[in-house]
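Encoded as structure tokens, the structure appears first; notes follow it.
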Amino acid sequence: MIVTVTGLTVEVEGRTLVDRVSLRIRPGTVTALVGASGSGKTTTGLALLGEYPPGARVTGDVAVHGTRIGYVPQHPAAVLNPARRTGALLLDLARQQVRDLPRSQRRTAARLRVTAALADAQLDDAEEVLSRYPHQLSGGQQQRVVLAQALLLGARVVIADEPTTGQDALTKRRIVDQLAQVAGRGIAVLLLSHDLDVVRELADEVVVLRGGRVVEQGPGHRILDAPAHPWTKELLAEPRALPYADPEHAGAEILTVSGLTARHRTGGARVPVLSVDRLTLRSGECLAVVGRSGSGKTTLARCLAGLHRDHTGQILLDGEPLPRSLRDRSREQLAAVQYVFQDARAAFDEHRPVLDQVARTAVRLHGAGSQEATAEARRVLTDLGLDDSLVRRLPGRLSGGELQRAALARALLARPRVLVCDEITSGLDPVTRRSLLDLLATLVRRKDGPGVVLITHDLDTAAPATRVAVLDGGEVVEEGPAEQILTAPRHPFTVSLLGASDRWGAAVRP
Amino acid sequence: MTASADRQTRFPGLRRRGFLAAAGGAAGLGALTLAGCSGTADTGAATGKGDGTPRRGGRVRAAFAGGGASETLDPHLGNLFADAARSKAIFDKLADYGADLSAVPRLAAKWEPNAGLDRWTVTLRQAEFHDGKPVTATDVLYSYRRIADPDKAYRARASLEPIDLKASRATGERSIEFVLKRPTAEFPNVMAAFGTYIVQDGAAEFDRAPIGSGPFRFVSFTPGRSTVLRRNDTHWDGAPHLDELEFLVANEESARINALLGGQVEYAHELNPATGRAHEKAGGIEIVRLRNSAMQAFAMKTDRPPFDDPRVRQAFFLIADREELVNGALSGAGETGNDLFGKGYEYYADELPQREQDIDRARHLLKQAGAEGLKVTLDTSAVAAGFTEAAGIFRDQAARAGVTVDVRMGSKDSYWKDILDSGTLCCYRSGAMPIESHISQRLLTDSTTNATKWQDKNFDALYQQAQSTRDRTARAALYGRMQRQLHSEGGFLVWGFGDWILGTARSLRGVAREAPANTLDWARFDKVWLA
Amino acid sequence: MNGLRSWIARRLLLGAVQTAAVVLLVFALTEALPGDAAVAFAGDQPDPERIAAVREAMGLDRPAHERLADWVTGLLHGDFGTSLTSGRPVSGFLADGFGPTLLLATLTVLLLVPVGVGLGVLAARHEGRFTDRLISSATLGVYAVPEFALGVLLVSVFALRLGWLPPTAVGYGTGLLEHPSVLVLPVLVLLARPVCSLARLVRAGMIEALAAPYTAHAERYGISGARIRYTHALPNALAPATQQLARTIDWLLCGVIVVEALYVIPGLGTVLMNAVADRDIPVVQGLAVVFGLATVVLNLGADLVTHRLAPRSAVAA
Amino acid sequence: MKRLRRYGPGVAVAAIPLGLALVGPFLVGEPPARAASFTLGGGHRLGTDFVGRDVVHQVLLGGRPVVLVALAATALAYLVALPIGLISALTHRRWLEEVLMRPPDVLLAVPSLLMILLVAAAFPPGAAGLALLVAFVSIPDAARIVRAAAAEAASRPAVEALRMQGESWWRLAVGYVGRSILRTLAADAGIRLTGVLYLVATAAFLGIGVAPDAADWAVMVDRNRTGLLIQPWAVVVPALLIVALTMGANLLVDAAMESRGPSRKGRRP
């Protein structure tokens, strides 16, 4: 037993974040803490490091037996010093370990240790990585550097906090392999995650948390295959299988993209990042756009919404070309194409109540009076399951899932013909995600419901769509009915994407 | 506006704008023959008494406000006090001003006019330049011609205007006959005028190794920083006591006094009254007050309303509370004025009664003149010490007589030009100069700097008469008549005379205490010594 | 690094434009000043004839644009022109004044960085405790005192009352370095305000950096406190401070004018004040070029350092 | 209670000079008769100043111009800097951004004191003019800060969301971006106020802008310093009041910054 937690309770200002949690971690195993957001996973994880939120009252006991603990946070960039080269902390760590050597040998020895640790973390071009600044590294490289730090430290326990959240199937695959390899070196891994595919693949031991309490705990397959507690069952429920849209319903083409080339400005030059020959959306259908990060899917979405101006080619709404910038779009055009942001919290003004912000859509786009607009907003919000007392609050008081619903409501108030949803479920736990997607389906299935463009990296989320377009390197490599694409892919990229998720068997369940 | 502005606000007479010059365009009928033309005379009176026996040796550092990097040692170009003090150390003039602003012979051993007072024969004393060559009539004529060169704008050119330099000639190695354009009884004042230094024949460049006949020889010069000089053992007036003399530039008054207090200099020129008071009794340093150095006045333009009515001018004379002005604007460092220039100078009409504030009479006069509820604009500027202060104080005093004075601040760099022709009322000041020069420069119809626009044919005639009068008493009577007229209805409301305040180290002895700024004994270092 | 090179090129171009604009602006303003060099020269003897003669001698009777064009042409050949008042080359004025000012500025900056950073780090380290309160209030207090007041105060105490230091630099000319004691007070006065603002910025930056996740991470992994403070947190805290440092050229100039006057140091500030009073336009212009260039170069340097310290922030060219 | 502890010191320090500045002019009666300059006693509780006026009287009158000029200059600087910064942060037209931000960039290269010196000499300003002038030289820096803060706020999805709703420019710029950068601005304004006070005081030292015998604390400090050794009150009292004003302003800013809590820099990914 390398870590033993007994009866850990963490309270902040009367709120209990973690309630009598006990767990034990053995070397070389992966222990997964599973639960929805706010279930106390991270608080528990940090408690192992001896770190608590400010003003916390802690009872219970955390016993770590003779080792330091490594930590790989959800956003590895946050723990990399932006003003120092990547190697800075690594070299500092190594230097501590070579103090006994004669002064002349220290530098080389430290260097060697760093290179070794980077190699262990599967970073090959060590020299290159060390001399770069964190922001010049990819997300994956950042994660591996942070892991290398933990390995260099000689940690026998590594805490990985949501390592796969927001990652596409291929990346996820790599992370899972890496963690498995770490465990293979005899290091205990504490995995904090709501990504059940990953947990299923990796975890030897699973602890299910809810509201800071352990609801169920036991060997991985036992918990995942035969959950006892109803909450665990809910967490584990299959992702949505029913199509979002009613296949019978698909009507005329409302949106047509043709000959689109979008550019980004990097340095002084404008680099093309997306090129789409032709893509259409019919009314009443849901088009999923999938791809890895950087494939251009968000750029496509933003072009549609008029948020990315720098492009050539045409976007036709009902055969009429849409102005490139939303600043040039008429109210009707604005209302017709609405966009829901990935980060709902950032998309709301933190100083105004949610209801007021939602209602403005009706005021601005449909010329409603403010009372009328508020009434309408309240109706739509209630429809989406947000009650009145909740929406009168400032955005800061709502959860991520609630805010995402409010964001949907804000877009719906425009009565859009096309609704562009950009990764609206990434970062949400399975339960919240499922309910949000169900909600989306109800909208699409309505009689005058919008056509939906669903941008996602997650094949499970894409599966119930009417059609799927696969983007890679800024080009649509394959497009067609969801079933066909996800069961009989033709393009090698699609094949590899599917292959990556296939291995855990949870990928395609159309 | 600038640091120089700053120093100017505080102390009169810094830099070009404030120079207490005595440059006169006309000449006067002077003492026909000078009694006591002997070289070394008359300095003793002004010299500090009880300073003991002079001791030879040592080095004195003197801090002056200076002209920055564009300073020059050309004695004809000098404009500032620092320039004047340096020129005085290196060069000599034919004559200079005594404590009462009468001309005292220097290089001139004697001067003699003809009967018509328009030809003067000047005999030079035996003196030599620093390079051993004698000072000759040729050098004098070269110097004067250089100053009068119409292509150059040397300051003293106007002073030499009465001389017809083409007709003037050397009559011997050490004798010159000056031919004048008109009778000029006060011709010695011309020879004593500011900037009329004698340089060697042909000299044109002075910044590297200036050669003069003065008490100190040149050692080194860094514009805007320092000038080092050493004793001229062969000076005709006796060698200085000091071995070395260094002029240092410190534009801020506080820097000069601090340097003096810190022992970094032995002589600090131009201190302000508060500094004077603070250190007068403290004993660390000596404070020297040179009385009657700076006339302080308000100038009324007599050619335009409202001051074209003499009653309004008289009313203004009566509005001024001179005591309050001296205490407030000069911080008490000065004496009250009586609407006349030149208190304590030769020919000053001190028999006239001192004018006092009389608000009731002033109101009465204004009413007579139909100028009740009068509004005037008073031009002022930070160009000289006490200007803005005086303007503020006078504004309050005038309010008591029902006159609204609107104080207008002007740029100090162009102030003197601005007030010359425009405006109606302005702050004015003047350094020491003979009363005759004051009249000829400022109060004649054709004067170039007539700031009060005092143009009176009768007055002009009186002046001409004085210039043609040989007899000193008769001439004094004429000056008396002119001054009586000015006192009763002139354009200058002279409310005070400011002290010129110096600080010296206690070890520095022999500093003249009676010589107004700009006179011979002011800033004179050949007669001082270190105890 | 090609991007960096083109960025520098653009910055230099901007710098040239800035300097040109400064020169034009200064020329226009100096022209707009009441009176010209001739009037200033005439002083209390504003005899119109004399002014006209001086004006002609100085070439002021020519139209302004011609004089400017001549001056610019000269400048392109590396000639700063000649002073109206003295007829000496402007480059001489600049060269003479440059030494003392550069000495003051260099000393100030050399001391400014360690002292300001040191105080800032010290305060941040003891955030909220006595040391922090002491440093914070002291820096606030001193920051509020204008140079001239501080200068007078320091001279009164250290030079006149205690007699420890010379009150002015009168008489030392260019040999200031041989008499380091005369530099103590001027440099102290110049330092006072920049040190305070730098210390306050560093303190704020350090507090933020010390609370950042990467600091916690280094701490978590057992890196020593001093090492975390100076090698991990400090570089982050310095980025905003560097920008501020570049702005101190502006301050130093203000300060230098006051300090040079108070302590009698014949530097560029003194040259500037005199030249403005004399309306000696070529000298003022020459100074504008020097100050403009100094500002441009320093800002460029600061942006480069910021680029290095906060590589993520895109620095606008 | 917490608020009191946080803002208390700042308020306490700033209250005296502010109170004097605002109420002072109403408290003074007729000016007492002039006496000799730099004297103590004679019914003048703090002695007389450099022209023999009562120092108490001058102190009571002298706060208003300092405070007004400083506040007006700060306000004016923002009045110009805010639109420039906001527009250039929110526009997508690069040329507009260039047009708006380049002139301030160029002005940044002009040393502010040189600028004030020359402009003040060319067009002698009154108190209002001085405020304008000081505001003018503060604009470039203020505009840069506004722009930097606004650009950060303008790049948030919230702004795009507002655009999707068809909100007007005003609502975006003022209602959201302006609102979001309020704290940054408040902090900057406090610092700028100190800078402005410093410029005003230094301008007085160099004889710019204000009448040299004006009842104005900054002018008093400068003009009366010649009498420091014989009549210190005429310098010390106004100097302390200015220091208290700047210190108070900065303490308040510090307090406001503290209440802002942890930095907003680390944005949610």
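When the chains are written out, they are named A, B, C and D in that same order, and each has its own residue count from 1.
By our rule, a contact is a pair of C-beta atoms (placed from the backbone, for glycine too) under 8 Å apart; a residue touches a chain by one contact, two chains touch by 3 or more.
According to UniProt, the chain labels map to these proteins: B = ABC transporter substrate-binding protein; C, D = ABC transporter permease.
Predicted, not measured: the structure shown is a model, and the values here were computed from it.
Student: Can you tell me which chain lies farthest from chain C (ABC transporter permease), using the average of the Cα atoms as each chain's centre?
Tutor: A
Student: Determine the centre-to-centre distance between chain A and chain C (ABC transporter permease), using the mean Cα coordinates as centres, and give it in whole Å.
Tutor: Here chain A and chain C (ABC transporter permease) have centroids separated by 50 Å.
Student: So what's the Cα centroid distance for chain C (ABC transporter permease) and chain D (ABC transporter permease), whole Å?
Tutor: Each chain reduced to its C-alpha mean, chain C (ABC transporter permease) and chain D (ABC transporter permease) end up 21 Å apart.
Student: State, to the nearest whole Å, the distance from the C-alpha centre of chain A to the C-alpha centre of chain B.
Tutor: Spacing between the chain centres: roughly 88 Å.
Student: Take the average of all CA coordinates in chain B, do the same for chain D (ABC transporter permease), and state the distance between these two points in whole angstrom.
Tutor: Averaging C-alpha atoms per chain gives centres 45 Å apart.
Student: Going through chain C (ABC transporter permease) residue by residue, note those that touch at least 2 other chains and give them in order.
Tutor: Only 33-34, 152, 212-213, 257, 276 qualify.
Student: Give the residues of chain D (ABC transporter permease) touching no fewer than two other chains, as numbers and ranges.
Tutor: Only 117, 121, 205-206, 225, 266 qualify.
Student: Two or more other chains touching the same residue: where does that happen in chain B?
Tutor: Chain B, residues with two or more chain partners: 1-3, 5-6, 254, 410-411, 413.
Student: Which chains touch, pair by pair?
Tutor: A-C, A-D, B-C, B-D, C-D
Student: Enumerate the contact residues on chain A facing chain C (ABC transporter permease) in the complex.
Tutor: Within the complex, chain A touches chain C (ABC transporter permease) at residues 49, 51, 68, 71, 73, 78-84, 88-89, 92-93, 96, 133, 135-136, 149, 153, 267-268.
Student: Within the complex, which stretch of chain C (ABC transporter permease) touches chain D (ABC transporter permease)?
Tutor: Chain C (ABC transporter permease) residues touching chain D (ABC transporter permease): 14-15, 17-19, 21-22, 25-26, 29-30, 32-34, 136-137, 140-141, 143-149, 152, 156, 193, 204, 208, 211-213, 247, 249-250, 253-254, 257-258, 272, 276, 287-288, 291-292, 295-296, 299, 316.
Student: Which chain D (ABC transporter permease) residues qualify as touching chain B in the complex?
Tutor: Residues in contact with chain B: 31, 34-38, 50-53, 117, 120-121, 124, 205-208, 211-213, 225-227, 229-231.
Student: Can you check the complex and tell me which residues of chain B touch chain C (ABC transporter permease)?
Tutor: Those in contact with chain C (ABC transporter permease) are residues 1-6, 15-19, 21, 23, 61, 63, 67-72, 79, 150-153, 155, 157-158, 222-226, 246, 248-252, 254-255, 258-259, 261-262, 264-265, 410-411, 413-414, 416-418, 420, 448-449.
Student: Quick check: in the complex, which residue numbers of chain C (ABC transporter permease) touch chain B?
Tutor: Chain C (ABC transporter permease) residues touching chain B: 33-35, 39-51, 53-54, 57, 83, 85-86, 88, 92-93, 96-97, 152, 155, 159-160, 163, 166-168, 170-171, 173-174, 257, 260-264, 266, 269-271, 273-280, 283.
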